[in-house]
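Multiple structures follow.
Presented sequentially are two complexes of subunit A, the first with subunit B as partner and the second with subunit C.
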Partner chain A sequence: MLLKHTTTKIKERSALTVNPAKTCQPIGAMYAALGIHGCLPHSHGSQGCYAYHRSALTRHYKEPVMAATSAFTEGSSVFGGQANLVQAIDNMFTVYKPDVIAVHTTCLSETIGDDIPQIASKAAAGGKVPEGKYVIHANTPSYVGSHVTGFSNMTKAMVDYFAEPGGEKTKTVNIVPGYVEPSDMEEIKRICAAMGIPIIMFPDTSGVLNGPLTGHFKMYPDGGVKIDALKKTGQSMGTLALGNLASSAAGFALDSKCKVPCKVLDLPIGLTGTDMFIDALRTMTGENVPDSLMFERGQMMDIISDMHQYFYGKKVGLVGDPDQLLALTKFLVSLDMVPTHIVTGSPAGKKFEAELREAVKDVPCDVNIKLGGDMYLFHQWVKNDPVDLVIGNTYVKYIAKDEDIPYIRYGFPIYDRIGHSYLPTVGYRGGIMMLEKILNALMDRQDRDATDVNMELVM
Partner chain B sequence: MTTIPILKEREEQIYRKGSEPFNMQCEKHSLAGSVSQRACVFCGSRVVLYPVADALHLIHGPIGCAAYTWDIRGALSSGPELHRLSFSTDLQERDVIFGAEKKLYAALTELIEQYQPKAAFVYSTCIVGIIGDDVEAVCRKVGKEAGIPVLPVHSEGFKGTKKDGYKAACDALAQLIGTGETADISPISINIMGEFNIGGEAWMIKDYYRKIGVDVVSIMTGDGRVADIKRAHGAKLNVVQCSGSMTPLAEMMKEKYGIPFIRVSYFGIEDMAKALYDVAEHFPDQPEIMEKAQELVRSEVNRIYPELVKIREQVSGKRAAIYVGGAFKAFSLIKALRNLGMEVVLAGSQTGNEKDYEILRDMCNDGTVILDDANPLELSKYIIEKNADLFIGGVKERPIAYKMGIGFCDHNHERKTPLAGFEGMLNFAKEIFNTVTSPVWQFAPHRSGNEPEQLRNVVIQPSK
Partner chain C sequence: MASTANADIADKHLLDGKDPEKIKQEMLRDYPPKIARKRAKQIVINKVDKDQNVPEISSNVRTIPGLIGQRGCCYAGCKGVVLGPTRDIINITHGPIGCGFYSWLTRRNQTDASTSEDGHNFMPYCFSTDMQDKEIIFGGEKKLEQAIQEAYDNFHPKAIAVFATCPVGLIGDDIHAVSRKMKARLGINVFGFSCEGYKGVSQSAGHHIANNGIFKNVIGNDDTVREGEFKLNLLGEYNIGGDAFEIERIFEKCGITLVSTFSGNSSIDDFANAHTADLNLIMCHRSINYVAEMMETKFGLPWIKVNFIGAQATAKSLRKIAQYFEDPKLTEKVEAVIAGEMPEIENALQMIRPRTKGKRAMMFVGGSRAHHYQELFTEMGMETLSAGYEFGHRDDYEGRKVLPDIKVDADSRNIEELEISPDQDRFKPRKSSEELKKLMEDGLAFSEYDGMMTEMKTGSMIIDDLTQHEADKLIESFKPDIFCAGIKEKYAVQKHGIPMKQLHSYDYGGPYAGFVGAINFYKDIERMVNSRIWGFLKAPWEKNPELAANYVFDE
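And now, the complex of A and B:
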């Protein structure tokens, strides 16, 4: 048992994180930046940071992940990283020819106090930024927030740098999809297309981190939101920001910069989550919901009703990122399941906690909730109060194995299975996939544990 | 014709065998703005010390450094699994402003009390080097109170390259060595150094040495134990693989304890056999060791040879590209691939030194491209130009190979079967065979002849 050290006695820990349920800001910023077409994310820090982020994203997506680094030396950490960044900008535009360089900071460059906009303008003044090319940046100190904060900051930077105020408002809707998978972004685009609504989605990693085998390596895959589209976000009629923590900063920035009204929604996970999203699209644009989407909705409800006897009363332990946890918890409650332990490593704030508490207020047991927690605590809770199902990233598999609990992989990172990049969990179709996963996990377990006498053919 | 620009500063880190002059530049800091495949000092220390399974590994810094190195190395342990957990001081903004020595102290004390480790390694990350926590003093204090060695690892990411991280790890190990009892150590004994037990390889190697009558005092650091490392100075010979990481320690032990060392590789039949013979030669008064070594090599080779021959028939003539961390591994790979009748068309490393590249040059055929600290564009360009069928590399290289529609073998942390030793050579050959002959490649555009013509004509040109 790999986690044999986990004790049932819970002690308050202030100085120590054991088996983290979050990681640091820069990787979220890198992921967001990869959702701009022709963008080379740039890590302004030591060489290790970006190597780790690239490795982690590569393991999760099984795709090449391109990014560059300022490759700090001892000298740069004493005298500042200006020289490194100016040289880096020059080198990148010369060798790798991106349309945009998206610089994110690290704990190192934040602490020594490098001023990225100032350095970038120095590079531009020195003729290092070719005509029609851009350098954008986000401050992403690793000791503040989590990877979700980094995603949010880089997404907001897209607004700060590109969105152009003024001009006639168009019928286009901006969608900030949240820190979700490329498959989810693809599904959101499909739903909007089905409703006949033109959208600008940013970031958009579909076609970047779930690309095809083409026979050659492409530094910049075909996907990603285009710069021209980002510029036009200021003329859109409204913005839907999906997931408060990951997306609202960009949505509100667009509102204050370009007077584009922003509505913040949960991630469109589950029946009601998707209903809210589609209804917001309908209200904002006046478009009708097409039969094709109503058909999918009906299918999803059909599955829930067919199988509801397998859901009710089942206790679930969840660990992951805040926006996902909130939407998923609501979904599980609507299935009559019982979210029992909910842990995120991200310091997601009181408002989030209140919303989560509200979502589980009618659940027939005490619900453990921890923000800024870790997997160790989650495991302790599961040990003390066992559940029927755990949902979380790949690291949760050790808990599932030790405690012999059915388990669904969900979140970041997933290093040991495929599917998340290709099959969505948002929308009605994504909901059906989630239902299938939950049922498979529970029913496989029932079959595994059934005696010969109790083994059932029809379930 | 498509061109891939290459910076002037990097021109001399690329060499084509047969061309003149040979003036390979290496051991340079990566250029800012490069998409290098390298990592940092912390990464170097972390991978070297990680396999010490009964030690506590506490990462002092913001959460990322601990999160990204949590259980990512398939270094197996036959007992404790403490090394596979992730411990971090998870530094926050206030810690960065006011310092985090107290937090470190509290974290260490709590961890040692709960897990009762045999030693603790405390890794400094970038930020610690900047805010100036006196990690050494905290370690000393906790070490005294807890009665175990608490060793600071000076692995601030920006203080050099991965190699400097190896050095910092060696320094930490050096503090353990010499503190254990050596009275009962056999006069025919070695330390296995630079072997990390990925996929259980150290077990295999140790078993070979045991069979020829040589005792292994410690393995650094595969399936590592603090108690073994403490008495490593009692061994009569240090046998160093992965020379990049462990040579500093071997040199230190030579100086301080008079223990000589030899460099070996356990990869491929030739090098594995040589590793056994070289050790046997070190004990000339015991001729039976050499006899047993010869007998072992004979029986192992006889066992795997028939299967190797069959595989060789299938893969002979295929072309391989190699891009690995240390150059020493590349030497072994070239020999092993030649044994399979394959040709190496590209050989590169992240951290090779001048001497390494000279050896590489001498080993390679004319036309082979030799690269130092390459980027994905260069790698992909030469792989296509050289029409490689196989790419051998690490985690970041794998998807690049697959995108181009060629086979891949991970010769790094993510290997799933042992590739060292005789058995490992057979595993390696099977893996090569399976990936190179996979039916999936026939559907890839590269193989079906649908490949866009311009890709064949890509050239690399100096940009300025």
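And now, the complex of A and C:
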């Protein structure tokens, strides 16, 4: 047994987190910043932070993850990190020549109280920021929220620093895609293109964290949202913020700064999630839904009806990030599956919990839900009330193996498989991939457990 | 005049046909002048004179903000590296969630809990106080105390360790006071490590703090003398990919008793008992030499430097052990084991050498791996053009003979040096001074490490705390056949079209230690430097673009 000390006996805990289902803000901010073209993310803290974040993102994407650090020493922790950051800005622009440096803070610099805009203006006044280049920042204290909060804060910073109010409104739609994979961002762009809708998506990590092998290393890959595009987000006709926790802050900031109306949607995961997204695009722009998307929707419907018997009544344990959990739960319910245990480490708030409860209100069993929970509790729930399928990040592998439960890797981080950066799970096509994954997991198990007598050829 | 000029030319050592000094200058050219001056002292063209003297290299100095390097923090060195591989201590990270999360199972330390009576293994678990803003403002001691209680209530471990992260030091939580209180309350060993990430200049500070903590709180707690002959401890071996298992296998074959390993495949019970061994072996000099020094002073067991990376190095290390114990029976056994293992090594080398000979490697990793792995490459007929440590000190580069000359700067001075004196009852010199003298005359070096540079060719580029910029320049200048470093460097190197071997995680392979490990490594490197994929970088139409012009039918 891998997690042999985990028993069915649940004891109330108020102070100890065991096997977390979240990580800290700065990594989300780093990920978001990588979605700006020509951007070098910068961690204002000890060098351990950026080393850990770069390592985690690299293990997840199997791609270069470039970022820098202020490398605090004991001295800077006492006297503040101004000298370190000014020097870092000078070094980064001199040696690595980014278009923009996106500074995020850490628990260390937040506890000290470093004022990043003040330090950045000092650097600029000292001639350390070349003409036409930018330093932006987000406050991302690690002791508040989770990695999703960090993503949200850095995405909002893109609005705060770049979006320009005024000017003629265009027919462009802003899309804040949420804390999703590069493949998902690519798929969202494809859907919008199929509808003939010009968009500005930010951040956009497609083409950054799923890049090609060519024999030439590019410090700044071809992907990412351009600064000019970010500036124009203020003129767009509207914003669709996908995923309330990750995206609404940026969407609402655009609304208040530039009067661009924002609609917050679930992540377009599953049939109804995608329906809502496409319908929102349609109503916002007046564009028709093309036959090609209707065809994909029909294919997804087809699979669900063809294979309904394998979904029906299957109990699922889910652990992951709030926006994904909500959309995924609705998706599973639409398949007549039974989400049974739902855990996120992120403190996602009462509104989120109410929405999640609403999503499972017709599920024919008691559903365990915990916000700010951990995988130890999740595992204990699974032990007490076994499920047919668990969905979660790579750490869920240990639970799935111990309990011998079919398992789908989903969320962050996935350290032990590829695919997530290339194959989307959003949209109808992404939905088809999710259906295939769910079916494979369940049907492989049926095959494995089949006896010599009841093995099925056709399923 | 003419003769001086000639001497200059003769003095120039080319590296792979290129002038390393020129490449160094090219690297420095792109830095701001002040930074270039600092980095110039950390990039050294090696020169080994006839007395084995090497040039001075600036190392264990502050990381330059903004340059993008390899280093991690003090916490990573303490909790991640040294204490992480011990299976039966509950390690609670006191701080926001990230630090605990990122150090959760990511270092591939394997362990075999079936060898402990209680079977405890908490390594697949991550424990954290997940500090919130409330605790940052009002203090986190109460939460820590409660977390220790909950860890005890849920898991009933025999020991709990607490690791401080950056904000803990700033807000002034006294983790040691909380640990003492809980130790008294729970009746188990509870101890803390003040390894805030900002301490020191790299992981290295964390190693030192970890060494001090284990020495103060654990070593010597159990005086039981175990059965067995030729008892020793293996220090600085972390069982990544099963390295320690392979070394254990060899020791067992030789009849050597391993009392404890710091800290691969280890139990806290073994640490408590370590002082009863008769010899300390040091693998990773950087991370663990402090414990060896302190054990020698307090308990009287000497240490020798060994290296089990490389078949020849393994054989040499085994012979050193036999020499130390001065027992013909052991010597005979060791020789028999070496003789038994070598034919397979020779077979493997015969298979792979034609495909590895003459290939060129670079390695930038750790505080000893960049040195140790050169042995394996040499066995394969490969040359190491350039190497350096992430967090090594001058003694790791130039040898311990420079220890008296190392300037202690402010960052190092902040790391506690324990005052150790001989234990009144338990200090027992394992060898008389005459015996030691004789062994030394016969070539067995005690408390000695000659460092990496003395074993590298004159002209090689030694680079401390390599930056991304310098790595890119190295790769562009030399196009090495393989580049070794860690996960953060891996995919950038491979985008250049050069295979990259991780020497922290072994790319999820291994073991690479000992005899079996050497063969694994030969095969992995042979596969990597000959992989077909690098030949497909250009599509056919990129290789022969002129063909496109031949199919013009309209003319």
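Just so we're on the same page, the second predicted complex is superposed on the first by the 459 of 459 C-alpha atoms of A that agree within 3 Å, B and C clash if a C-alpha of one lies under 4 Å from a C-alpha of the other, contacts with A are read in each partner's own complex, and residues count from 1 in each chain.
Heads up, the rule we're going with is that contacts are C-beta pairs under 8 Å (C-beta built on N, C-alpha and C of every residue); 3 or more make two chains touch, one makes a residue touch a chain.
Computed from a prediction, not measured in an experiment: that's the story for all the values here.
Using the contact criterion defined above for the overlaid structures, shared-chain residue A:96 touches subunit B and also reaches subunit C. Once chain A of one complex is fitted onto chain A of the other, the partner contacts of A:411 are absent, as it touches neither subunit B nor subunit C. Of the two partner chains, both subunit B and subunit C are touched by A:19.
When the two structures are aligned on the shared chain, A:87 is found in touch with subunit B and with subunit C. Of the two partner chains placed around the shared chain by superposition, neither subunit B nor subunit C is touched by A:182. When both complexes are overlaid on chain A, the residue A:58 reaches subunit B and subunit C alike. By the touch criterion stated above, A:144 is placed in contact with subunit B and with subunit C alike.
Residues 2-5, 13-20, 22-24, 26-27, 42, 45-49, 51-56, 58-59, 62-74, 76-77, 84-85, 87-92, 94-96, 106-108, 111-112, 141-144, 146, 211, 213-218, 345, 395 of subunit A are contacted both by subunit B in one complex and by subunit C in the other. Within the complex formed with subunit B, the subunit A residues making contact are 2-5, 7, 13-20, 22-24, 26-27, 40, 42, 45-49, 51-56, 58-59, 62-74, 76-77, 83-85, 87-92, 94-97, 106-108, 111-112, 141-144, 146, 211, 213-219, 345, 395.
Of all residues in subunit C, only 30-32, 35, 62-76, 92, 95-106, 119-122, 124-133, 135-136, 143-147, 149-151, 153-155, 165-167, 169-171, 196-202, 410-411, 414, 467-469, 472, 486-488, 490-497, 533, 537-538 touch subunit A in the complex they form. Looking at the complex, you find that subunit B touches subunit A at residues 4-7, 29-43, 61-72, 81-82, 84-93, 95-96, 102-104, 106-107, 110-111, 114-115, 125-127, 129-131, 157-161, 375-377, 380, 384, 395-396, 398-400, 402-405, 444-447, 450-452, 455, 463-464.
Residues 2-5, 11, 13-20, 22-24, 26-27, 42, 45-49, 51-56, 58-59, 62-77, 84-85, 87-92, 94-96, 106-108, 111-112, 141-144, 146, 211, 213-218, 345, 376, 395, 398, 415 of subunit A are the ones that touch subunit C when the two sit in their complex.
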